[in-house]
Amino acid sequence: MDRSDKTIFARPEALTDTITHYCPGCTHGIIHRLVAEALDSLGVREKALGVAPVGCSVLAYNYFNCDFLEAPHGRAPALATGFKRLRPDMIVFTYQGDGDLASIGMSEIIHSANRGEKFTTIFVNNAVYGMTGGQMAPTTLAGQITTTCPMGRNVEQTGQPIRMVELLSSLVTPAYLERVAVHTPRHILQAKRAITKAFKYQSEGRCFTLIEVLSTCPTNWGKTPEESVKWLEESLMSYYPLGCKKDPEKPELNDGTV
Amino acid sequence: MAKILMKGNEAIAEAALKAGATNYFCYPITPQTEVAEYLSRRMPEVGGVFLQGESELAVANMLFGASSTGKRVFTTSSSPGISLMQEAISYMAGAQLPVVIVNIMRGGPGLGGILPAQSDYFQATKAGGHGDYRVLVLAPSTIQEAVDLMMLAFHLADKYRNPVMMIGDGMIGQMMEPVEFPEKYKEPPLPPKTWAATGAKGRKPIIIKSLYLDPNLLEDNAWTLHDKYEQMKKEEVRFERYKVSAKNRILLVAYGTMARICQTAIDELEKKRISVGLFRPISLFPFPEKQIYQEAGKKNIGDVLVIEMSMAQMYEDVDRAVRGQKQVSFFGRTGGIVPSPEDVVEQIEKLIDKRKPKAKKKKA
Amino acid sequence: MLPGESVLTFQPPSITKGIVIIVGGYGSGKSEVAVNLARHLATDGPPENRPITIADLDIVNPYFRSREATERLQQLGIQAIHPRGGSRYADLPIILPDIKAGIINRNGTVILDVGGDDAGARVLSSLADAFVPGEYELAIVLNANRPFTANVDGCLKTMSEIEGSSRLKFTGLISNTHLLEDTSEETVLSGLVLAREVSDRTGLPVLFLSASAEVLSRIEPKEIDVPVLPLTRMLLKPWETND
C-alpha cells in the first residue's frame, strides 16, 4: 500500500488501531467502519456509548474508540434504554447480531422500538449464529443448512425467517427503519448514508432508529468470500429486500407520527 | 454393548434417549452445543421432539408445558443460560413437575468465559430461583458416570415429581472417554402419572400450577415439598470414597472433574508415603452431610481440605457437615483455570508442614 | 525387547504434499494425530518437509485443540498458527488471515487441523480458493470405536458429508482406532481392518496408522503393512500425566 492509499483509507477516529478477529470475507469489519465514520462525521465520538451484544461482535468494544457496555445475550436494547433515559445528551447505539436481536432479544427490541427509545440499533443479519458455530437463527432461510437443522431449515416446524425491519415497521412509534447491504462499493455508500442518517435523527432527538445490515458469514456458510457475496446478493437479498420502511422525512412511508 | 468412544455432550444426549426421554428443547451455548447438534440428527430417527427455542427463558417454560403431558423432557445449557431458566425451574418445582436440566458449567459471573468451572454450585444446590424449593443435583466425574446419572435423573425426577439437575464443568461435556450403554435401560417401577394433563375425559380437570392465594394452602404446598426433600436426604445421598483408610492424615473433599485431579494427586502423594483419602459427593443435593461428618471425625484425620474449581462454594456445606470437629481449609482455582495434580500436592504438603512440630523448625 | 524398541522397525509415514489437511470427527483423535505428525516431521522427518507449520482450524471444539500444545511444538521449531491473547480461549470461529497466507505462500509443510465432521470441515470451504488440486493431502482420521465411523458404510457416509461441506476430495486415510486408555493391540489391529476395507471401497491409500507408542511396542511390526506414526499424547486431560 502506498502513501496516497493510506490517506484515502485513514482510520476513522472512532475506531481503535486494533486488528479485528473477524474471518476473512466477513463484513462485520466494514459495518464497524461505517458506524465509526458516522460518529466521526457528526463529531459525536466523545459523547457516544456503544452496547456490545453476545455474538461474533462481542469484542466490538476493542475496536470502537468510545465508551461501551457489554450486555447479556439479547439485552442490549434494555441496557441502552436505561442508559439513554439518564443521559439523553449522549449518542447511544446497540450493535447486535440476528440471534441476539431476533431470537433471545426479540422482546427487548420490540419494546424499545415501540417506546420510541432514542437510540440507534445496528442490526447485523447474517442468517446464522456465527459465534457458537453456525446454528439456526430466526433469520436462517428456508432450506438453509445449519448445525441444528442439518437437513435444512424446515419451515413447517420452525416457521419462515423473520424480516425484522418489516416487523418493526408495523409499530407506529419508531422513527427510522432501513435495510442495507455492504457487499459492493455502491451498497457500502448507501449503507453509510443510512447509518449516518440514523445517528443524525438520534441527535435531533427523534425516536428509535434501526438499520438492518445484510452481512456475510463465509465461515459458517461454507463459502469463499466471493461466493458469499454472490449468495448474499442472490438468496438473502431476494428474501430481505433492501430499502427504507420508515423515515420521518418520508411521511408517505409512515402510518403514524414520530 | 461394547464400549465406544464418546464426547461427554453426545453421551449425555444418547443416555437421555436410552432413558426414554425423546423430548428436547434447547438454545445453543458453549460448551454444550454438541448436545443440541447431536440430537438435531438423532431425534428425527427416534421420532422425538427437537426444538431450538428463541431463548433459554422460553426453553425452560416450554419444558413446563411439555412436562405437563407426563412425558420425559429435558434440556441442556451452560451457566448464563441456566440463570435464565431459574424462573421456570421455580415454577416447575412449585407445580411438582418432573424435568431434567443439565448444566455444563463455564466460568462466571456474567458472560465470564467458556472454559470449565464449578461456579454454579450455590445456584444449583440452594434453589437458584425464588421460593422454598430445592432441585435434586447430581455431579458426575466421568463420562460413564454422566451416562448412568443422566438415565437415573429421569427416574428420580419422576419418582419425586421434582426438577433434577445434572451439573458438570465444561470438561465433562467436552472430553472424550470410552463408555458403555446398557442394551435396555432398566429402572424400578414408578407410579402412573395421574397428575398429567391429558384431557378431562371422565375425570375432574387437572390444574398444574404453583399459585396458592390462601396462605394455609401455600404453606401446605411448602410442607409437601419439604417432605420430598427429607425423603431425598434419606434415599438419594450418593458419594464415593477413594483410598479412604485409617492411615489417611488428610481428607480431601471434591466433586466432578476436580475429584479426578485429586485422585492423581493422591496417587502421587502415596509414592511419597503421604496418605490422603478423597470423599467425592455425587449427589450435591441431598448433600452427604452425615457421611462427611463421620469421615472427618475419624481420629487419624488431621485436616479436611475442600478443593473446587470455584471460590469456596461447596466449602460452606463441608464446613457445616464437619461441625467443628476438624479444621476445614479450602483451595480452588476458577475462571476456567483447572488446578493441576501438582497444585493439589503442593497444598497438601503445605498443610502437613503446618502441622509439623514447631521445635524442629527452630533448630533449622 | 524393551518397550519402544520395536517401534523403530515400523516404517515411518512419508509426506509428499506441502499441505496436509487432517480432518476427523469428535474422538477420532485428529488433533493428537496432527500435533504428533508435526512433531515427527520436525524431529525425525526428511529435511525437505521442513519447516513445519501447524494451523489450528478447529472451530467446533472449544477445548482440547491443537493450540494447547503450542508451547511444546514451538520448542521443536514448529510454527503454530492460532488466535492469540484472549481470543485463544474464545469460542469465536476465528480464521486468521495468516492461515490463508500460510497456504498460499507455503514453505515446507503446512498441517491444518480441522475440527469435527462436516460441520467443522465447512471452514475449508471458505478457504476453497486457496487449495490447488494435487497439491494437498486431505486425510480423514478414522476411529472404529466412534458411533458414526464404526463400519465401512458409516465411514463412507461421513466422508461424503465432509467432501460435500469442504468441497475438497479425500486423498488418503489415517487409521487411528483407539479407546484412549482402554486401547489394546486388538483395538489397533481391528481399526486397520476397517481402514483397509474403506481403502478397498474408495481406492484411497492408508497413509499411515497411528497409535500410542506404548501399545505399538506390543505389536509385531509385520502385522502392520502400512507406515506407522507412534503417538505421544500431547493433549492431556488435567488429571493425566504422560508417563
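A, B and C are the chain letters, set down in written order, and residue numbers restart from 1 in every chain.
As a convention for this text, contacts are C-beta pairs under 8 Å (C-beta built on N, C-alpha and C of every residue); 3 or more make two chains touch, one makes a residue touch a chain.
This is a predicted model, so every value here is computed, not measured.
Undergrad: Among line, ring, star, complete and other, which best matches the way these chains touch?
TA: Graph shape here is complete: every pair of chains touches.
Undergrad: A-B versus A-C: which has more C-beta pairs touching?
TA: Top pair by contacting C-beta pairs is A-C.
Undergrad: Could you give the separation in Å between the centres of chain B and chain C, each centre being the mean of its C-alpha atoms?
TA: The computed centroid separation for chain B versus chain C comes out at 35 Å.
Undergrad: Report the inter-chain centroid distance for chain A and chain B in whole angstrom, where each centroid is the mean of the CA atoms.
TA: Taking the average C-alpha coordinate of chain A and of chain B, the gap between them is 39 Å.
Undergrad: Tell me, which residues of chain C touch at least two other chains?
TA: 90-91, 119
Undergrad: Give the residues of chain A that touch two or more other chains, as numbers and ranges in rising order.
TA: 58, 132-133, 147, 150, in rising order.
Undergrad: For chain B, give me the residues that contact two or more of the other chains.
TA: Answer for chain B, listing residues that touch two or more other chains: 30, 37.
Undergrad: What part of chain B is in contact with chain A in the complex they form?
TA: Per the stated touch rule, the residues are 26-30, 33, 36-37, 40-41, 44, 51-52, 54-57, 80, 110-111.
Undergrad: Can you tell me which positions in chain A touch chain B when the two form their complex?
TA: Result: residues 54, 58, 70, 72-74, 103-104, 106, 129, 132-133, 135-136, 138, 147-151, 157-158 of chain A touch chain B.
Undergrad: Which residues, counting only chain B, touch chain C once they are in their complex?
TA: Result: residues 3-7, 10, 30-31, 34, 37, 113-116, 170-171, 174-178, 257, 260-261, 263-264, 336, 338-341 of chain B touch chain C.
Undergrad: Given the complex with chain B, which residues does chain C contribute to the contact?
TA: 26-27, 61-64, 89-91, 119, 143, 145-147, 150, 178-182, 237-241
Undergrad: Would you tell me which residues of chain C are touching chain A in their complex?
TA: 59-60, 83, 87, 90-95, 97, 100, 119, 122-123, 125-129, 165-167
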